[in-house]
Amino acid sequence: MIIDQNKIDETIKIIKANGGHGIQKCVQCGACSAVCPGVKAGFPLLCRALIKDLLNGLLEENIENSSSWGCQACNRCTEVCPQGVRPQEVVFAFRRYQANELAFSTSSVTSQMNLYETGHAVFTDPKEARRKVGLPEETPTSAFNEAAQQEIRTLMDNSPMGELGLF
Amino acid sequence: MSEKIKVGFLLLGGCAGCEMAVVDLSEKLVDALAHLEVVFWAPTVADVKYHDLEAMDDGHIDVAFIDGMIRLDEHIHMAKVMRKKAKTLIAFGVCAALGGTAGMGSLHTKEELFSKAFKNTPTTDNPDNVYPSPHCLVDGKYDLTLPAYEDKVRTLNQIVDVDYYIGGCPPHHSHVEVAIGALVTNQLPPKGSWITNGKAVCDVCKRNPTRNEKGGRVMVDKVLRMVDGIPDDNVCLLQQGYLCFGPITQGDCGGSCLNVNIPCRGCGGPIPGNEDYGAQALTSIASILGSEDATASLMAKYPNLAKFFYRYALPSGTLPRKM
Amino acid sequence: MEQIGLYLGCNIPLKSPDIEQSFRKIFPVLGVQPVDLEGAGCCPAWGTAPSFDLNTWCAISSRNITIAEEKNVDIMTGCNSCFGVLSEAKHFLETPATRAAVNGSLAKINREYKGTSDIYHVAHVLHNQIGLTKIRENLKYKLDGLKIAVQTGCHTLWPSDVYKVKEDNPYYPTILKELCEVTGATVCHYSRLEGCCGMGGMRSTDAEKSLKLFKEKLLSIKEETDADLIVTTCSSCFMQFDMSQPILKERGDIDFEPIPTFYYTQLLALAMGFEPQQVACISQIDRNPIIAEIQSDARRIKEGV
Amino acid sequence: MAKVGVYVCHCGSNIAGVIDVSAVRDFAELLPDVVIARKDLFMCSDSGQEMVKQDVRDGLVDRVVVAACTPRTHEPIFRAAIEKAGLNKYLFEMANIRDQASWVHGNDHDGATEKAKLVVASAVGKARHLQPLHDKFVDVTNAALVIGAGIGGISAALELANMGHKTYLVEKEPSIGGIMAQLDKTFPTNDCSACILTPMMVQAFNHPNIETLAYSEVADVDGYIGNFNVKVRQKQTYIDWKKCTGCGDCADKCPSKTPDLFNGGLSDRRAAYIMFPQAVPKKAVVDIEHCINCAGRTIGTQPKINEKTGKAILAPCERACRAGAIDRSLPLDPGGTIKEIEVGSIVVATGYQVMDKGWFKEMAPASPNVITALQLERLISATGPTGGKLLRPSDNEKPHTLTFVSCVGSRDVNFHTHCSRFCCMYMIKQARLLKEKYPYLVINMHFIDVRSAGKAYDEYYTGAREMGINFFRGKVGGLEMLPGDQLRVLAYDIEAGQSIEYSSDLVILATAVELPPDAIALAQKLGLQFCGNDFFRELHPKLGPVETAVAGLFIAGCCQGPKDIPDTVSQAKGAAAAAAVPLAQGRVKIEATISEVDSQKCSGCGICEPLCPYHAISMRDYTDRARGVIERHAIIEMSSCKGCGVCTSACPSAAIKLHGYEDEQIYAQIAALTA
Amino acid sequence: MSFNPNIVGFACQWCTYAGADLAGNLRCKYPPTVKLIKVPCSGRVKPEYVLQALAQGADGVLVGGCHFGDCHYKDGNYKTKNRMDLLTKLIADMGFDPRRLRLEWISGAEGQKFAKVITEFTEELIALGPNPLKKEEELINE
């Protein structure tokens, strides 16, 4: 590995701009990874390992790594971190970097489109099930509310997400 | 009995409140008049013209009291005339001594003040933008001359030499009594001095925390204005966060404001040895504030610090007006 | 009656409406009136806006919150993910710059985030606002002798600094435990109590890893408690327990029958005597025997006793 | 009128190479009150100094301004010179035209020369207003106080006593010895803690120059270097220590139990107790909070009389004491008695505490098998609750797998950001001792990193690896309670990049070292400062490690920051040497450049009082004879004042003067610089 | 003629004054605009001194103290901070550009920082132009 200070500086800038403000506080103690369900399940590049790579300037090199998408956002790392790094925010900052480079699984596009169209990331037709339990077929949520959907679309259209052309 | 002392009173840019303090002496004034002869008291009491004073012999008046600050060219003229006529000249009250509250006018231009006073108040109806001017023609035939407005407020000693200073807005009548007593018995301090006991309001204030065996002075951790609450009337106001200038101000008033639960704002003037009242007020108050939060809160609650610290003393300050 | 904004999220109204029905049945009886937040959408889920742009996340979250603000009610949600996402967004919105940016976006849809509505979980409302005594008074069946393993779920535990209601010890949560114990059932401790079930991003990214994690947790429950049923207050956890146990069983990864799993309010609704067909009828696991047991005559609490 | 002499130095070419020295001299000559202006190649040389001295001796000048280098190095030299010539040394002012002019403006000769002129004018302006000042001296009480009698306090006290100074050693517990007395063995030599500590305890207690005040606390401190007046509260022991023989019979008979804090709460002790077997003094006390007043024998009451025998019904402790040291009819005095002592200097060695495991919610604090390292120390000590056998607290069974967790509350922004410094080593020590004694044990140690800086320390650590102790880099993230009182360790191996999980029988937490809460109250009494929220602050982190901002007050040991026994002893001996200096000198110099209140002017507003960082200002009653009244006025205790001038600036009555930096002097400088 | 600002500096003898000496030892170059008045502690600097300097025509005033936590007298610099914060506001209220007063924490080890501060301050004052009072005086003299 070659230490390239320009790359390190650039990486840290990008991660911080994406919300990973605490990355440079990390002392690599590993407490986050000791309790991370993702690490335990076997995702190789989460918490400590991801932060270490980013601190070494390895950003593009990891762009295709799907570990970050295995993060549950459970934030147990944030709870145990002794340095106030908030590792989950760093993981998500990296994820945002990946997402904005369109480096994520195609299946996740469905959620974005669902959200854009119905206001729900997960959407299945609920009418039958709702009838069965004695509820009105239509939910009071955005799913059956064109004005609400329009609001959500406006928010998404006018955001960086809108520029990615996912929906 | 020796000859009576000839005294004169001249009001310049003031409200005549200082002269009311003389009247407040009531029967004591009557006693004093056994030793005093009032030879001039204008314009409050007698309607006299410039030349009435100008006509007096130089040094005719033994002791002249001038109250009010210098704002108009008329004030400058009359102060100079009175200086010639008086053997001893006293700047009487905080306006003459330090500029007084009207001194805050020096933080604004003449134009700002005029437009506020004669145009921009909600109750003013002045569609033709008529402003006072030194010369004007009334009814097309009477050519009137009005005193001209100076660019800033001055203290008396910025125009003429002053022999003694008395603070207060107005001076407390008991202090006027002390001053007149000193005059009558010829026990005046060296020329150029303030007539004062020389101690701060805290010295006479019943709430002074250093007299309290349990407490003592502590740092102030919050800043309150009077609208923020009702102060405990047994506890030092400063200690409670109500910024009181008692420590910085001459206490010849006997702490009258404190006695009615109002913080001192400094009309007594600085304690001898301090030249710049506002600067010292700022220093002392900033010193006793216990935190940056308190300082920030002071700045938030008092948007203009010049007006806060120099309420009565701006023209006498190191920087006597807005740049 | 006190009102609270019922924030449904996605899974509960669309996939598990019996859970929604259980809310609608029990809360009015317990003295809290749920108010619909018309037009509320996704929180938005971690895999959507939060994975792309922080301010967009906060904008979509705060849009939901403003609906409650307009009605002058706090928010109650039954989904841990929604609870976490909304709470974190609220936390980010404490930063003036974020709030200003987000309100700039909201202005386009004529909304403004004010921060006047707090975010609560269904469990918090039951435990702190309604209280155990009131719940106990409204039971029709007592669950004495039943062994329950509880699953609180991650997103009400950490990061504890963003939540309105906190567990005394997030590593040893007790709110759900006490809510279950009030029914008379026994809640057994197991070592992986606070562990993650593996649902969420992990499940969609790598189902095998998710199942591996889930199996560890399930074995801890089975071996250490041999519980009769599992009770959770997280709709995502519910789905994992309900959906993945049969998979593990079918693949021969476990040698015991799937343990019936309920969302807490379903269990409570049953114990309060509501119709199972309405409040607990959608499941991959056969829950009929345990439901019959719960609503058996022997367990009926006699009036006035 | 002042007669100012100005002497401009060439400093070889250091100044003259840039600044036109002649022009500066010519300029100075014309300044008001300047009677002589001279220049010389090297003003600090003998000839340069002699020139000044001669002018002084000739009566030509009575104020001296030298324009040369910096007063920070050369002011003392010129002051000494004019003093020799018979002029008060404070009638001297330096103009810094080298360090702050010629050296930094070498590229602008004209600018540097003009600046030099102004700087000289400023110095002259100040010199015209200088007044003679006199240093003062105060006599010193030849005695020292050491607060805290752990290994640090004992070492310091012995050092001071051996130098011949009367030394008071105050300890809040019934016995001296501190935390070291709780330890089993000490790294890196594994010598028995009691074996090396006990002789020192005895030596200190029996030293003719040491007066040990055990079971006592410092209640109040007044005064200043050389003359501290200290009130020591001697807590009521409820047992007459003059009679007590330390036999322990009272403790044997006492029925009331309470957790034995000396054993980390792992066992119980009685309400009547001797702190530990090797206690010095070996005396019993009654812990009145936990005393259950057997036989209705509340302290301070007369005993009931047995109607049959006519004898007094006594409490078991009273009956047990053959020395007659226990008499419960003596009055209750929970405040204790105050003993006033006078000392010239003070050494604070109040030590530390380790954090309770209850703070660490992720570490399953509810489990009895999660203990602190200090508790383990008692668990393996021969005088501990198990007689030195390693048994799990939950069931007194032998554990097989042990886990050591480092940095619990240390290096953690949620608790303490500092490294507790000796945890790595004591954990390795404990692991080594256990592995030696019980080779079958599986010992897993988890560190962020091992910190083993110290003589023979790293060898001690690497040796532990060879003994078969397992080391993992990575902080433990949590513990989960398993059936059978076992614990699942949630750890991580940084080198392997893998998470680790395993079951452990006993988990030892190296919880953070911190100041005990009563240290904060003590600091307020003494005027000690803190470093952030942790530990007492030394005067200078490098060059003043035992001194504090309060003259005459010194610190040593863990109250200054975590440190192991060798470092504590070293620092304690250093603090003792520093504390002995004023005692050896017999008097201390009070600088003349300090503040003074003109009581005639003081209004008694008290603004100054809370500002003084040294509590040198107090409000006293003062009789104003002129006005015939008694008034409250500020007084500055000259021995405490350090001359910062914060009060001087703040004084609204212009009553406080800072000698050497008076208003008119500074105004003269401002006027000169803006002329 | 180019404008050469006159800066009156009040320097704590333990930090900023020592830092200025160190700048000399290191031969750091900075414009000869600043002249230091040595004080024992920045807490000795009365706001009135700053006003006096400005009133008498100084173009800028520097107050130099110890970094927080490093005050030789424990917390004198906190008093300085409080006073100078208020004074800066007061100066602004009086119509002065508050940038004419600069409060800096410069330790005895920061010779280069001292030089940098003076260089920057000088440049800033050149941009601000002479003290407006001085200009008026010149007008009156003309």
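A few remarks follow.
Letters A, B, C, D and E name the chains as they come in the text, with residue numbers starting at 1 for each one.
Here is the rule we go by: a residue touches a chain if its C-beta (ideal position, glycine included) is under 8 Å from a C-beta of that chain, and two chains touch if they have at least 3 such contacts.
Quick caveat: nothing in here was measured; it's all calculated off a predicted structure.
Set against the Cα centre of chain A, the chain with the most distant centre is B. No other two chains have as many C-beta pairs in contact as A-C. The innermost chain, defined by the distance from its C-alpha mean to the mean of all protein C-alpha atoms, is D.
For this pair, chain D with chain E, the centres built from the Cα atoms lie 36 Å apart. In this assembly, the C-alpha centroid of chain C lies 53 Å from the C-alpha centroid of chain D. Mean C-alpha positions place chain B and chain C at a centre distance of 71 Å. Mean C-alpha position of chain A lies 22 Å from that of chain C.
Touching two or more other chains at once are residues 170, 195 of chain C.
Shown for chain D are the residues in touch with two or more other chains, namely 362, 478, 611, 646, 649-650. Of all residues in chain E, those touching 2 or more other chains are 46, 52, 79, 83, listed in ascending order. Interfaces, counted as pairs of touching chains, are A-C, A-D, B-D, B-E, C-D, D-E.
In the complex of the two chains, the chain D residues touching chain C come out as 361-362, 364, 366, 478, 480-483, 488. Within the complex, the chain D residues that touch chain E are 70-72, 96, 98-101, 103-108, 111-112, 114-115, 118-119, 122, 529, 549, 593, 611, 613-614, 642-646, 648-650, 658, 661, 663, 666-667, 669-671, 673-674.
Residues 27-36, 39-40, 44, 48-49, 76, 79-80, 82-84 of chain A are the ones that touch chain D when the two sit in their complex.
For chain B in complex with chain E, the touching residues are 107, 275-276, 278-280, 282-283, 285-287, 289, 292, 295-296, 298-299, 304-307, 309, 317-319, 321-323. Against chain B, in their complex, chain E makes its touches with residues 46-48, 51-52, 54-55, 78-79, 81-83, 85-87, 89-90, 93-96, 132-133.
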